[in-house]
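Across the two complexes that follow, chain A remains constant while its partner is chain B and subsequently chain C.
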Partner chain A sequence: MKIKEFDRRIIFIFIALAVIIPLLLPLNIPIPVDKSMNNGVYRAYNLIDSLPSGSVILISFDFDPAAAPELLPMGQAMVAHAYSKDIGVITTALWPQGVRFAEEALLAHAHTYQKERWNDFVNLGYKAGGVVAIDNIVEDIKKTYPLDLYGKSTAEIPVLQPVNTNLEGVSLIITLSAGDPGVIGWVQIGRDRYGKKVIAGCTAVSAPAYRPYFNSGQLSGLLGGMAGAAEYEQLVNLPGTASSGMDAQSIAHLFIIIFIILGNIIYLVNRRKTVK
Partner chain B sequence: MKRMIPLFITFASGFLIIMSFFIPHYPVGELTNIMKEWYMVVAVFAMILGILNLFKVNAHKLIKLKPGWWYALILISALIFMVIAGWIGGMEEGSWFDFLFKFVYTPLNATMFSLLAFFVASASFRAFRARNIDAGLLLIAAILVMLGRVPLGNLISSYLPLIQSWIMEFPNTAGQRAIMIGAALGVIATSLRIIIGIERSYLN
Partner chain C sequence: MTVEFIGLWIAGFLTLAIFSFLYRDNVFYKIAEAVYVGISAGYIMVQSWHDVVIPNLLIPLKSGNWLYIIPAALSLFMLAQLIPKIRWISRISIAFVVGTGAGYGFVTYLKSNLFEQVHSAIYPLWSGNIWTSLGGVVLLIGTVTGIFYFFFSLEHKGVLRIGARVGMMFLMITFGASFGYTVMARISLLIGRIYFILHDWLQIVK
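After this line comes the complex of A and B, so read on.
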C-alpha cells in the first residue's frame, strides 16, 4: 500500500471523532499540576497569589477569536484569581478583537466576587501601534488612554488611582498573546526597560519559542495553550472550558501519534520491498 | 529629490529613536515622545486605509461580477452590518454587535484555526518519517512531548510529563536561543542598512 493512495478523509474522520466524542462524553482524565518552580503555570499562580490585597495588575488581551479557546480560559481564571485576592484588574488590548474578550473575562466572575466596574476593574480598550503602544502604555497609561472603553475619564477611575507614570503602582503585567504585538513587546519594554514583572499566556504552538524568556527570568510565568489554561483552572479550583477540553486534546494527540507510527510502518515496509 | 526626502526622514527617525535610548533627556526624549504619538496616529490611519482598500477591491469585484463575486458581496454586507450594529446599538453585553461577535465571528474564526488539527494529523501521517537518525530522534521527541503535554500522558506514566518538561527546557531552549540570536542579528543588520540608506527596497 502506498501512503499517497491513502484517503486523507479517513484521517479527518478519526480526528473529528477523537475531538467530538470526549467533548460529548467526558472521560474525566485527571489533570496533573506540576507544583515545581520549573512549571511556568505554577510560577504564575504563585506570583499572583503572593500579591497583597489592594494591588493592581494589568492584563493585555492580545489575541483574536482564533486563539480564544486557548487564551480566554487563562484570562478568566487569572481575573477570578485576582478578584479572590482583592486585586484590582486593568485590561488593555493590542489586538482590536481582544477588547471583547477582556470584557468577557472581567465579567465572567465579577458577580460571584461582588466586583464593580471602575472600583475593582476597568477595561481600557484597544490601542493601535504595537510595540510603540506598549511603550506609551508603560510610560504613561493615563495619557495613552484618556478615556476607558465606556468613555469615563481615566483620571477619575478609582482602580487607576494608585497607578502613575512608568506603571508605578502596577505589580504585574500579564499578556495573553497569539502573536505580534504581544509577548516579545511586553518583555522588551515592560520587563527589560522598565523592570516590571511579566507573565505570558500563549498558544501551544508558540510556547516553545517563549521558553527561553522564561528560563532567563524575563518572564515570571508562562502558560502554554489549553494545557496551561487547564492547569491554572485546577490551581484556582475553577474548572472551565480548558479543563473540559483536555480529554479531547488527549485523544486527538493519541490519534496523531497512532497515525505517525502507522505512516512509518507503511514507509518501512515499502522501503524493504524496494530494496528486495 | 523624490528619493532623498524619504531617505532623510528614515535616517532622522531611526537615528533619533536610537539616540533616545542613550539620551532620554530634552530635546531628544521630547522629540521621541512626539514621534511615538505620531506613530500611533499613523497606525490608526493605516487601519482605516486598509478597510477602505478592502472595500474598494471587493466593491470592484462585485460591480464587475468577477468570479467569486458572491464572496465580495458577503464581505461587504458583513462589514457594513457590523459597523451599523456597533454604531447604532453600541457594543455592550447583549447588543447586536456583541451577539454577532460572540456567535458568528468568534466561532467562524475559531473554526478556521481548528482546521489546523486535521492538516497536522494528515501531514504527520504523510511526511513525518524516521528516514535517518536525526529524523528518528525528532520523531521520538515529538511523540514524547505530545504525550507528556496532555493528561493522558500522566495516566500512561508519571515520567512522561517530566521527560516532556526536560525536552522543552533544555534541547528546545538551546535551539530556540540560537534561532533568536540569529534573527536578532539579522534585524539589527537590516535596520542599520535601512537607516543608513543602503537598503532601499521599501521605496520601490
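After this line comes the complex of A and C, so read on.
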C-alpha cells in the first residue's frame, strides 16, 4: 500500500468520531492527579488553597476564543476555588477578547458562593501595551485602571481597597495566556522585577516552553492545556468542560498513536520492498 | 426569534463551513474565511479605537496635554506605508518602536531568560534524593551534549561526534514531547468546536 495514495480524509473521519462519540456517550475515564510538588497543577492549587481568607489575587485573561476550550475552564475553576476560600478576585486582560472570558469566569460560580461584583470581584477590562501595560499594572493598578469595566472608579471599589502600588496587597498573580503578551511578560515584570508569585495557565502547545520557568521557580504553578484544566477541576471537585472533554481527548490520542504506528509499519514495509 | 438564537445559528453554520474545507475547498469555506478575516479586522479596529486611541491619546489631548502630539505624529507616520513616495517616513516610527522595545526589554529579558535560567541549572549533583540527583545528571548531560550538537567550529569526530549524537537524541525527545502537547492542543480546539455544535447549538449534549 502506498502512503501517498492514502486518502487523509479517512483519518479526519476517525478523529471526528473519536471526539463526537465520547462527548455523546461519556466513558468517564478517570483523571488521576499527581499530588506531588513536581506537578505544576497541584502546586498552583496548593498555593491558592494556602491563602488566608480575605486575600486578593489577580487573574489576567490573556487569550482569545481560539484558546478558550483550554484556558477558560482553568479560569472558572480557579475563580471558584478563590470564591470558596473567600479570596477577592481582580481580573485584567492583555488581549481584547480576554475581557468577556474574564466576565464569564467571574460569573460562572458567583451565585453559588454568593459573591458580589465590586465587594468580592472586579473586572478591570483590557489594557493595551503588552509588557509596558504589565509594568504599569504592577506599579500602580488603580492609576492604570482609573475605572473598571462598568465605569466605576477603582478608588471606590471595596475589593481593591487593600491593594496599593507595586501590587502590595495582592498575594498572587495568575496569567491564563495563549501567547504574547502573557506568561513571559508577567514572569519578567511581576516575578523577576517585583518579586510577586506568578502562576501560569497556558495552551498545551506552549506548555513545554514554559516548563523551564516552573523548574527554576520563576513560576509558582503551571497548568498546561485541557489536561491541566481537567486536573484543577478534579482538585476543586467541580468537573466542567475540561473534565468532560478528556474522554474525547484520550480516545483521539489513542487513534493518533494507532495511526502513527500503522504509518510507520507501512513505511518500513514499503522501504523493504523498494530495497529488494 | 432572539438575537442570541440567530447568532447561534450563524456560528453553527460558519463552524460547519470552515470544517467543510477538510473535504475540499468550496464556496462555503471561502465565505466563512472572508467573514472571519473581515470581522476580525473590524473588531480589532473598533476595539483599538475605543480602548487605545480614545483613552491614551484623544482624552489627554483634549485635556490640554500637548506632549501627546508626538505619539499622534508617530502613529500618523505609520500610515505613510500606504503612499510609496513618502514610505520612508514610517521608518521613524518603526525605529522608535524597535528601539524602545529593545531598550526596555533588554535588562528584564536577560535577567529572566539567561541569569535565572542558568542559575536554576546549577545545583549539586547529589542532593540527598536519588530521583532529584538523577534528574540533575540528566540535565547536565542534556545541556552539555545539546551544546555539542550546535558546536560547528570543529568537525564532529571522536568524542565530539558521540556527544553530538547524544545531544541530538535529547533534542528529538524534546521535539517529541512538544509534538505530543501540540496534538493535545489541536484536539482541544476540535473538542471546543464539537462541544459548541452538540451543546450550545443542537443541544444534544447537556
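General remarks:
By definition in this document, the second predicted complex is superposed on the first by the 276 of 276 C-alpha atoms of A that agree within 3 Å, B and C clash if a C-alpha of one lies under 4 Å from a C-alpha of the other, contacts with A are read in each partner's own complex, and residues count from 1 in each chain.
The definition used in the following text is that contacts are C-beta pairs under 8 Å (C-beta built on N, C-alpha and C of every residue); 3 or more make two chains touch, one makes a residue touch a chain.
Treat the numbers as computed from the prediction; the structure is a model and nothing was measured.
In the superposition on chain A, A:P212 contacts both chain B and chain C.
In the superposition on chain A, A:G263 makes contact with chain B only, while chain C stays out of contact range. Look at A:F61: by the touch rule set out above, it reaches neither chain B nor chain C.
Once the two complexes are laid over each other on the shared chain, residue contacts for A:L24 go to chain C alone; chain B is not touched. Judged by the touch definition given at the top, the superposed model places A:A133 against chain B, while chain C stays out of reach. By the touch criterion defined above, A:L254 reaches chain B but does not reach chain C. Note on chain A: of its two partners chain C and chain B, the one contacting more of its residues is B. Of the two partner chains placed around the shared chain by superposition, chain C is the only one that A:Q188 touches, whereas chain B remains out of contact.
Look at A:P32: by the touch rule set out above, it reaches chain B but stays clear of chain C.
Legend: residue contacts after superposition of the two complexes on their common chain; A:R100 is shown touching chain B, with no touch to chain C.
Residues common to the contacts of chain A with chain B and with chain C across the two structures: 12, 15-16, 19, 66, 68-69, 127-128, 132, 204, 207-208, 212, 215, 225, 227, 249, 252-253, 256. Those residues of chain B that touch chain A in the complex are listed here as 33, 36-37, 39-40, 43-44, 46-47, 91, 93, 98, 101-102, 105-110, 112-113, 117-118, 120-122, 124-126, 128-130, 139, 142-143, 146-147, 149-155, 158, 161, 165, 168-169, 172-173, 176-177, 180. Remark: chain A residues 9, 12, 15-16, 19-20, 23-24, 66, 68-70, 96, 125-128, 131-132, 184, 187-189, 191-193, 203-205, 207-208, 212, 215-218, 224-227, 241, 244-245, 248-249, 252-253, 256 touch chain C in the complex. Residue ranges on chain A touching chain B, taken from their complex, read 3-4, 6, 8, 11-12, 14-16, 19, 29-32, 34, 38-39, 64-69, 97, 100, 103, 107, 127-130, 132-133, 135-136, 139, 204, 207-209, 211-212, 215, 225, 227, 246-247, 249-257, 259-260, 262-264, 267. Taken in their complex, chain C has these residues touching chain A: 22-23, 43-44, 47-48, 51-52, 56, 104-105, 108-109, 111-113, 116-117, 119-121, 174, 177-178, 181-185, 187-192, 194-195, 198, 204-205.
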